[in-house]
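The following pair of complexes shares a single chain, chain A, combined with chain B in the former and chain C in the latter.
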Partner chain A sequence: MEAKIERIKYSARLMMGLSGLMAVLMLIGCFACIAEAVINREFAVQAAKSAGNAADCAFYAATAFTALRLLGNIVSMGTPFGEKNDKLIKAIGIITLIQGFASPAVRASLLGILHADVTYTSNSALLFTGMIILFIAKIFSYGQILQQESDETL
Partner chain B sequence: MKEKCKRACTIASVILMLYLIVPCITFTAAAVTGFIKGWNDAADEMPSDPIWMVFLGLIMSLVLIAVYIVPIVTAIRLLLGVRKADSPFTELNGKRIGTIGICFMLMEPLDFLYSGIFHADWSVENFGGLAFSAGLVLYCISLIFRYGCELQQESDETL
Partner chain C sequence: MSKVKDINERTLEKEKKDFTEFCKFAEGMLTAIMALIIVGAAALFIVIIMDNAMKNLTYSSSSKYTTAGGIFYGVYDLISMLCFAVALNFGVKAFKKLKDGETPFRYEIADKIKAAGIVLFATGFFSIAAGIVEGVLESTGVIVVTDSSLISIDLSIFMWGAVLFAVAYIFNYGCKLQQESDETL
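On to the complex of A and B.
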C-alpha cells in the first residue's frame, strides 16, 4: 500500500510540473492572443479569430490551474481520494464541457457580428472528454467513501 | 454511489460506441475509395517507391490504426466491466486504463515518425504533446485505480 502511495505521489509531482508549465504557457498564450487582436484591430476578422484563440487559452489555463490544485491536494494529503478532490475533478470536467460549447460560440458570434461567413460547430472531442472526466469524478467520490471506511477501520 | 457509477458507465459506453461507429463508417468508405484509386494509379504507372518502403508503410499504418483503435475498444470493455462488476476498482480495470494511457503516449511519436519517414516532414508541429500528456494523466489514473483496488479489498475484508 505504502509503495503504491509513493508511486502516486511521485507521478503527481511530475504532473504538477507539467500542469504548472501548461498553466503559465496558456496564460502567456492568452495575453499574446489579446495583444494580436489589438494589433490587428483594423483587420476585424483576424482580430476576432485572435479573440477566439484567447478564449481557448483562458479555458486551458483555468483547467491547468484546477489540475494543479488537485495534484497539490494529492501530494499534501498522501491519498488521491482526499476531501474535495472529486469536486476539483468535477470542476475540470465542467470547464472542459463549457469550453466545448463556449469557445466555438465566442469565435462564431464575433465573426457573425462582422458578417463573416461562419457556422457554429461545438468541439465534440472536448465535450466527450468533459463527460469522461465527470465520470471519473463519480468514481473518485466512491473512492472517497472507501478511503473514509479504511481510515475509520484503522 | 455504485448505482450512480453504473448509470454513468452505461451512458458513457453508449456514447463511446457511437463515437467509434460513426468515424468507422466514414473511415471504411474513405479507405475503400483510397485503395481503389491507389490500385488504379499503380496500374497506370510503375510505383517509384522501393518495395521495402511500401511494406514498411503498410506495417506502420497498421500499427498506427491499432494505436488509435485499441484505446477505444479497451475503453468500451472498461466501461462495460465497471457496469457489470460490483466496484470500479479492480486490478483488471487499472491495467486497462494503463493500456489506454500507453497507447495515447505512443500516438504522437508514431505519427511524427510516419510523417517524417514517408512525407519527409520532420517538423515539431507534429509532436504537439497533448495526446502524450493525456496518456501520462491516464497512466496516473491507472495507478490510482490500483490503489483503490487495495482499498476495496480492505473494505470487503472488513465486511
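On to the complex of A and C.
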C-alpha cells in the first residue's frame, strides 16, 4: 500500500508539471489570440474567429489550473481520495461542459453579428468528456467514503 | 433517528439509481459510436478494394495523391479506426461491469480502463510510425503528395492514454481500500 501511495504521489508530481506547462501555454495562447483579434480588427470575421480561439484557450487554462490544484491536493494528502478532490473533479467536468456549449456560441454569435455565414453546433466531444468527468467525480465521492473508513480503522 | 436513517437510505438508493442510469447511457453512447466507426471502417475497406481494382476512381480521386498513396492512406485510416473501435469496446465493457456490480472499485474494471489506455498509446505510436513510412514512401517516389503531409500526429491521444492510465491506477488503489473495507466488515 505504501509503495502504491508513493507511486501515485510521483505520478501526480509528474502530471502537475505537465498541467502547469499546459496552463501557462494556454494563457499565452489566450493573450496571443486577443492580440491577433486586436491586430485584425479591420478584418472583422478573422478577428471574431480569433476571439473564439481566445475563449477556447481561456477555458483550457481554467481546466489546467483546476487540475493543478487537484494534483497538488493528491501530493499533499498522499491519497487520490482526499477531501475536496471530488469537488475539484466536478469543477473540471462543469468547465468542460460549459466550454462545449459556450465556446462555439461565442464564435457563432460574434460571426452572426458580422452577418458571416455561420451555424451553431455545440462541441459534442467536449460535452461527452464533461459528462464522463462528472461521472468520475461521483466515483471519487464514493472513494472518499472508503478512504475515511480506512483511516478511521487505522 | 429512524427518520434520518430512512432519508439517508433513500438518498443512497437515488444515487445508486442515477449511477446505474448514467452507466446505461454511457454504455449506449459508446456502443453507438463504436458501431458507427465499424460501419465507417467497413465502407472504407470496400472503397480501398474498389480503388485497387478500378484505379484512381474513389479514395484516391482527390488530386492530392496517386493510387498507391490512396491505398496507403486508406489502410492507415482503416487501422486507426479499428484501434479506436477496440478502445471504445473496452470502455463499453467497463461501463457494463460498473452498471452490474455493487461497487465501482473492482480489479476487472481497472484492467479494462488500463487496456483502453494501452490501445490509445498504441494508436498514437502507430500514427508516428505511419508518418515516418509516409516520409520514406514520398522520398522514394512511391507516393506523391502534392500537399503537405496528410498524416497528422495527434498528441492528445497520448494525453488521453495517460489520463486513462492514471484513472486505472487510482481504481486499483480504490480496489485495495474496498478490500480493506470489506474485510473490516
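A few remarks follow.
In this text, the second predicted complex is superposed on the first by the 154 of 154 C-alpha atoms of A that agree within 3 Å, B and C clash if a C-alpha of one lies under 4 Å from a C-alpha of the other, contacts with A are read in each partner's own complex, and residues count from 1 in each chain.
We adopt the following convention: a residue touches a chain if its C-beta (ideal position, glycine included) is under 8 Å from a C-beta of that chain, and two chains touch if they have at least 3 such contacts.
All of these numbers come straight from a predicted model, not from anything done at the bench.
Once the two complexes are overlaid on the shared chain, A:T66 sits clear of chain B and of chain C alike. When the shared chain is aligned, chain B and chain C each come close enough to touch A:M15. Judged by the touch definition given at the top, the superposed model places A:T96 against neither chain B nor chain C. Using the contact criterion defined above for the overlaid structures, shared-chain residue A:N53 touches neither chain B nor chain C, since it reaches no partner. Of the two partners chain B and chain C, it is B that touches the larger number of chain A residues.
Contacts of A:S150 after superposition on the shared chain: both chain B and chain C are touched. Residue overlap on chain A between the chain B contacts of one complex and the chain C contacts of the other covers 1, 4-5, 7-8, 11, 15, 79-81, 128, 131-132, 135-136, 138-139, 142-143, 146-147, 149-150, 153. Every residue of chain C that touches chain A in the complex is listed here, in rising order: 15, 19, 22, 26, 29, 103-105, 162, 166-167, 169-170, 172-174, 176-178, 180-181, 184. Across the complex, chain B is touched by residues 1, 4-5, 7-8, 11-12, 14-15, 18, 22, 79-81, 128, 131-132, 134-136, 138-139, 141-143, 145-147, 149-150, 153 of chain A.
By the touch criterion given at the top, residues 1-2, 4-5, 8-9, 11-12, 15, 19, 82, 87-89, 133, 136-137, 139-141, 143-144, 146-148, 150-152, 154-155, 158 of chain B touch chain A in their complex.
Partner chain C is touched in their complex by these residues of chain A: 1, 4-5, 7-8, 11, 15, 79-81, 128, 131-132, 135-136, 138-139, 142-143, 146-147, 149-150, 153.
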